[in-house]
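There's a structure below that I have some questions on.
All chains are identified by letter, namely A, B and C, in their written order; residue positions are counted from 1 within each chain.
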Amino acid sequence: MSIKLEHLNYVYSAGTAYEKQALKDVCLEIPHGEFVGIIGHTGSGKSTLIQHLNGLVKATSGALYYDGKNIYEPGYNMRELRNQVGLVFQYPEHQLFEVDVMSDVCFGPKNQGLNPDQCMECALEALKLVGLKEKYYNSSPFELSGGQKRRVAIAGVLAMHPKVLVLDEPTAGLDPKGRDDILDQIAYLHTQRDMTVILVSHSMEDIARYADRIIVMNKGEVMYNDCPRKVFEHYRELEQVGLAAPQVTYIMHDLKEQGFAVEPNVTTVEEAAAQIKKALEKRK
Amino acid sequence: MDMVQTDNLIFEYEKRDEEGNVTGTYRAIDGVNINAREGQFIAILGHNGSGKSTLAKHMNAILVPTGGTMWVSGWNTKEPEHLWDVRQSAGMVFQNPDNQIIGTVVEEDVGFGPENLGVPTDEIWTRVEESLKAVGMLEYRHHSPNKLSGGQKQRVAIAGVVAMEPKCIVLDEPTAMLDPVGRKEVLKTVQKLRKEKHVTVILITHYMEEVIDADQIYVMDHGHVVMQGTPKKIFSQVDKLKEYRLDVPQVTLLADTLRKQGVDIPEGILRKEELVEALCRLN
Amino acid sequence: MIRDITIGQYYPAKSVVHRLDPRVKLICTLLYLISLFLFSSIPGYLVATVFLICVIHISKVPFSYIVKGLKPVIMLLMITVLFNLFLTRQGDVLFHAWIFTITEGGLRTAVYMAIRLVYLIIGSSLMTFTTTPNELTDGIEAVLHPLNKIHVPVHEIAMMMSIALRFIPILLEETDKIMKAQLARGADFESGNILQRAKSMVPILVPLFVSAFRRANDLAMAMEARCYRGGDGRTKMKPLRYKSRDYAAYIIVIAYVVAVVAIGRGVQLHIWVF
């Protein structure tokens, strides 16, 4: 179930005064089972990019292959693509509409044409996956707390059994514990359910911790596309486009400047701690 | 008396069933005592639902206590005759940048507060100009707020409060919906205002990096103040913070991890420079 | 898409029209609209067209922007034209098939009606393009002020209008987002009969209403926090004062109305005589 983008371009309001090229010659390949992080500051084209992945936005030119098939070929089954590539928008709780949690999560499976029993089954499974307590299944989604609503909304997408899960800043507005919970849940889905995960985030620390690979978007173009360690080597360039490396990367660089025998390209606290200890022990 | 002061503040919501009958009460704030002296930078931390936003709304008399007292600039917020004095003294910036901008042009929005206060026209213009300059948005004065970035919108909202010449600015999660660039913009603006206009700043947030310069931090949980002290003191208790669904800046976490592994560095490290310095001493 | 709707949206530019007193723009627009119904002849429309082109040119609002504003009302326009075309029976029959008959009079009325409607929409949207909602509010408040005496809450009405205008683009964008989110969950807005389609709008409308109420709630709080307490005791950042250009605008528009009605009717009278 790989996704492959070839020379993808997207132009907004073509032919008017507001014309803007949101994506420029984007070439990417996302193999099945990868955890990909996408970063880029507001307006860099990352939201437009992910809306291409399930065909919500159609590229002006270029090709997008899902599982080897070009989705822009006439007669391509877009609905099937949307069943396979689940997209969780930013603040997904704003799309909840049903009278109770259960019915809302059933909305996706129902649209897939499943019968009510099957819908219930999918919904139950999805709600368990996001860790929502059973006592809330029959309450109105509008009575839940922010974090719980977000879980329900994510369950609404998971209930459709997507093979690829795309999330646009799933932790925005949550408190630290809420952020960690959601991200751990996503990491669980990735490893235990064999899902491809594409995570858009502003938090370099989170991306560094979870992603196998980072795609950096800038002005509609792919700026970097590499493993976290390699991407954050370019921390100075990242800063110039309104991004940054995780705080630990800076600390390690400073330490190295001060003569510490550390490898500066680490991206997580655990790695950093190990490096520092090693360096200190060597001294003794 | 302090700029903001509370005495055993209590706020209870009434829970109602579908017919509107009261079925019980819920204490969103339960016996809170805080105080902010003039010119101080006070931070209030807490997870979602800990009562911190409810507390913020008391500082502007949007909510009035059901028990205890809150004074803002010496006025008791419960006294209706001082309602407008309270609101003028403690300006408020909210979380969602879109939902607090009233004007369709930046400068008109900044003028909204002074208009409400009955400030003479000429002075409104000076105030609008000065406030927009103070937040660095003067060149956008004729723009539509819808075309601005999140950080810029929040700066306009701050200018709108500054134009009312408050003694104290209460910011209720002003950066929760912004990207890192926007967050930095807003925080820099707030710090600049604090230096130039000597306003008291009360920042409610759950981004730990934003509060390391605070004079005093209050941590809230279930309507109570559960921790209180300087950033150094608060952030040296990493595990306790985690219990309250919070975390610490990555530097502090790294320092704490190293300490736990037996590296001899001091507690409560907040900045990367401090950590590098402490480690260099060992090297 | 949906956010392309430009009708009623302020277009920032520096022009004389933008700087005019909103009261002038309101009253002049009203005069202009009335004048459109006081004549129906080609010379009259020529004068009206020239005048409209001049005003658009002076206003510095791009023509394409104005045309875009017409898009949402095209259906309404077509229906009016068709009704006039087929239901007016006057003069020679130009075309006849089954129950449809087009007469010369019908064609003329339809064309005139279409022009009138287009000019009417352009004229009134030109006012909103060049007037910020706040100014518009002030203008309406001032023009309607006498109604205060009969207990019409003029200030409140004006304030509500201005807020509605500010939130239109935000809610449109939100609608777009919710639609996409539901599409991603497999929703189908395009197939089925009218009833099914109406039903398929529920997943869009409910979140939209919830969001609108949440925004309204937030906004009310933000307004109160900034000491809003109704119109009493409020001062104005931009108080309305007539300047010489405003008097000039009044004179020009009144002159135009007199001219267009005279030419529009006079020429018609002329033909009548012959």
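Here, contacts are C-beta pairs under 8 Å (C-beta built on N, C-alpha and C of every residue); 3 or more make two chains touch, one makes a residue touch a chain.
Everything numeric in this text was worked out from a predicted model, so none of it was measured.
If touching chains are joined by edges, the resulting network of the protein chains shown connects every chain directly with every other.
When the C-beta pairs in contact are tallied for A-C and for B-C, the bigger tally goes to B-C.
As a whole-number value, the distance joining the C-alpha centres of chain A and chain B reads 30 Å.
Chain C has its Cα centroid 42 Å from the Cα centroid of chain B.
Considering their complex, residues 4, 62, 64-65, 174, 177-178, 180-188, 202-203, 206-207, 210-211 of chain C touch chain A. Residue ranges of chain C in contact with chain B, taken from their complex: 10, 12, 132-134, 162-163, 165-166, 169-170, 214-215, 218-219, 221-229, 233-239. On the chain A side of its complex with chain C, the touching residues are 13, 16-17, 51, 54, 56, 79, 82-83, 86-87, 89, 92, 94-97, 107-108, 111-112, 142, 156-157, 160. Remark: chain B residues 46-49, 95, 149-150, 176-177, 179-182, 206, 208, 242, 245-247, 249-251, 253-254, 257-258, 261, 263, 272-273, 275-276, 279-280, 282-283 touch chain A in the complex. Residues of chain A that touch chain B in their complex: 41-43, 145-147, 172-178, 180, 202, 205, 242-244, 246-248, 250-251, 254-255, 258-260, 269-270, 272-273, 276-277, 279-280, 283.
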